[in-house]
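For clarity, chains are labelled A, B, C and D in written order, and residue numbers in each chain start from 1.
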Amino acid sequence: MINKIVKTMAEAMEGIKDGSTVLIGGFGAVGQPALLIEGLIEQGASDLTIVANNAGTGRAGLARLMELGRVKKIICSFPRSAGSVVFEELFKAGKIELEIVPQGTLAERMRAAGAGIPAFYTATAVGTKLAAGKPVQEFDGRSYVMERALPGDVALVEAWRADRWGNLTYRSSGRNFNPVVATAAKLTIAQSQHIEELGELDPEIVVTPGIYVKRVIHLPYGDPKS
Amino acid sequence: MTEKDWQPLSRGQMAARVARDIPEGWYVNLGIGIPTLIADQVSGDREVIFQSENGILGMGRAPNPQHVDPWLINAGKQHVTLQPGGAYFHHADSFAIIRGGHLDLCVLGAFEVAENGDIANWATSEADSAPAVGGAMDLAAGVRRLWVVMEHVTKEGKPRLVKRCSYPLTALKAVHRIYTNLAVIDVAVEGFRVKETVPGLSLESLQNMTEATLIDDRAN
Amino acid sequence: MINKIVKTMAEAMEGIKDGSTVLIGGFGAVGQPALLIEGLIEQGASDLTIVANNAGTGRAGLARLMELGRVKKIICSFPRSAGSVVFEELFKAGKIELEIVPQGTLAERMRAAGAGIPAFYTATAVGTKLAAGKPVQEFDGRSYVMERALPGDVALVEAWRADRWGNLTYRSSGRNFNPVVATAAKLTIAQSQHIEELGELDPEIVVTPGIYVKRVIHLPYGDPKS
Amino acid sequence: MTEKDWQPLSRGQMAARVARDIPEGWYVNLGIGIPTLIADQVSGDREVIFQSENGILGMGRAPNPQHVDPWLINAGKQHVTLQPGGAYFHHADSFAIIRGGHLDLCVLGAFEVAENGDIANWATSEADSAPAVGGAMDLAAGVRRLWVVMEHVTKEGKPRLVKRCSYPLTALKAVHRIYTNLAVIDVAVEGFRVKETVPGLSLESLQNMTEATLIDDRAN
């Protein structure tokens, strides 16, 4: 029997190595796999490259992971935002590398990684400093920049409902980057508010088919509807 | 400058002015700042469908404080609601909508717009090495129409409508129209065409607050 | 009030011009917008380029459109199949152009058109005659062929449920190419088994958001569950 | 050839032989023909998840004739069922699964396989200008493991395991293992390694029916 549900955070985090690229779902606090990030802090892997929309806020979660010196590089669209104090400190001190990527390009680069596409062209960022050094090609009279796929070793995902095959659904705008990062990593780990019996999830509403998910851990932290 | 016999628009008035020009049925993305105020200014008898980068079509107004859904936010991370007929999708699908040219309109704030339509709205200096770009470049390059809403000049009185942007660019030749607190200006092949000015403001006075040359295209 | 629902086939087909590229959903008979294809036959546009997985079977539907001499070119993955008699006749007689595209590349090229991506790289078809003449580039030691976006003027879609904003859902494997072609054309027209009041479709289960759809026509032809 | 003291496998036996090697938990796509027969040969106590190009994961067996869902077919256009835990998705998402390297295995039929792993399975001659490629090239280039199941020789007795394919190629260096009606053969860097032969068949006899050179790698 296939059973991707693990009981403990230690099992969920097993095998994440130093030097990994970790893709993290969420947009702001919504859909962020906050408990898995805590688990990663506990687990101890370092020298990490983090791919996420934001560079963390406050001093918990992703900010804490950075503050502990475990993040070598962050790839994101929105490094500086209200409360991104840890990132600012580390960046000013030259202790963290930064790659700024337009938000849509960030999503598409991960989608490409999951879909077997090593590179694609986009009009986004053409003529700006975020396209500096990248190949530019003209198609039908317009210029486009070539962007490369962005694969991860690990992806951390927050789901709403999950089953033992790893099928996932999300909750409203908590979907955001989660289904995208889930496709792009070798080891996708989901925390889920609810665990359902196999067959309970309507096959029409599964957003992330289980093929993309290696481990699921049941971490309910507050369903306002239940 | 002599005593003003004209009044600049307030932020709310600027938002209302933009809202007037959005017809029923358009799919629209609103940036943070003044653009966000536009949604509430679109009159209720006109159906306009708002998109948010974080995977929403049919975004509605701010929720009643008693009925906040913690999972439902907009791209500015404010709590919102969903209208009947709305839908959720993931970030890659959301930016496929943006980058695929499916939105009729995006309204963004900006630091500067150049007379060729270049826009600078994400970084205040070349030396700033960690500015937040978010979805601005995707929106500016991807949508069918890009309108900018901003103060006509900076707090220091420097023009924002320029010959050439001095700040790092967001996109090239992207802006179609600019709504300032003083005027409505189309960005045409031949440059800035002034369509409308606040009552009492002369083109000459407006030109004095504008770096690039203005073309008078007002109705009367 | 936005209302994309049209009452007549004539309204649904209005404005389709000679020379159009028409993307057609469906895989085999399932999910095929059969009644819209009938409408297109009636409407009269000719010199068409058809993009569909198959090249029609029997003498009705797409095969009929071809038999009437209205199709200049077909772009598909599976031209020859049991019953593709009309295509075979026309092709042997040199009366129709054919572009064979691997099925995944076909889907991805349309997805790219909808997503603002003018070109992408894929490992599919590298070293085969379907990659002949196309640019090849190496990424991380593997060769990939560059494929171009495939946009349409018109897309014909079969949906299961629809509302007046043009939101669509599909039924099981009838989904197939439908949501993909819907994103890739200027004028997307859907036939739907069911029409729902606005708000009846759960926002979590909408597959094609209404932004991609210009017209919806209610054409129930047999819901085995109703 | 003298009187045979060995029996080739039937199509059903070939499917069963392949099925034995598919472990629990694999995600598998089966091509049309003999590969399709494999699903029914996977024993019920092992969960194997079958994918179909037309947007299905968790595809089940053929339906009871009284309970056919007309909307539910596989890539071979036969009616199928969905297992509990299955899911539907569209064609671009389906081929993202295939092309993104997420399937553990694809089993295809073929006309020829070359000793370097090249496969030819979609067109029978360079002159055929309208062959149906379907998803074969995507599968062959995209999945983690490609196994081929086919008769060892053509009806005319010509070898299908060749030095170099004579038919138009589906993919280069793609095949990992071949199951024929006579043998199981791994495609290794050094060429075809024979892992298993039907009882009574000598390597010499097998070599006589094979164009490329075989390496004996049988357990005993």
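Definition applied: contacts are C-beta pairs under 8 Å (C-beta built on N, C-alpha and C of every residue); 3 or more make two chains touch, one makes a residue touch a chain.
If you're wondering where the values come from, they're calculated on a predicted model, not measured in any experiment.
Any chain bridging subunit B and subunit C, meaning touching each of them, is among A; the list is complete.
Comparing chain pairs A-D and C-D by the number of C-beta pairs in contact, the larger count belongs to C-D.
Averaging Cα coordinates per chain places subunit A and subunit D 35 Å apart.
In this assembly, the C-alpha centroid of subunit A lies 33 Å from the C-alpha centroid of subunit C. Centroids built from CA atoms put subunit B at 29 Å from subunit A. Each of the following residues of subunit D touches two or more other chains: 82, 88-89, 95-96, 98-99, 142. Residue numbers of subunit C whose C-beta contacts span two or more other chains: 108, 111, 115-117, 122-123, 170-172, 203-204. Touching chain pairs in this entry, ordered by label, are A-B, A-C, A-D, B-C, C-D. Residues of subunit D that touch subunit C in their complex: 52-56, 69-75, 77, 82, 88-92, 94-96, 98-99, 126, 129-138, 141-142, 168-172.
Contact residues on subunit B toward subunit C in their complex (touch as defined above): 24-25, 27, 47, 49, 51, 57-58, 82, 84-89, 95-103, 142. Only residues 1-2, 111, 113-117, 163-165, 167, 183, 198-199, 201, 203-204, 206, 209-212 of subunit A touch subunit D when the two sit together in their complex. For subunit C in complex with subunit A, the residues that touch the partner chain are 108, 112, 115-123, 137, 139-140, 142, 144, 148, 169-172, 202-205.
Residues 27-31, 77-81, 87-88, 91, 98, 100-105, 107-108, 110-111, 122-130, 170-180, 207, 222, 224 of subunit C are the ones touching subunit D in the complex.
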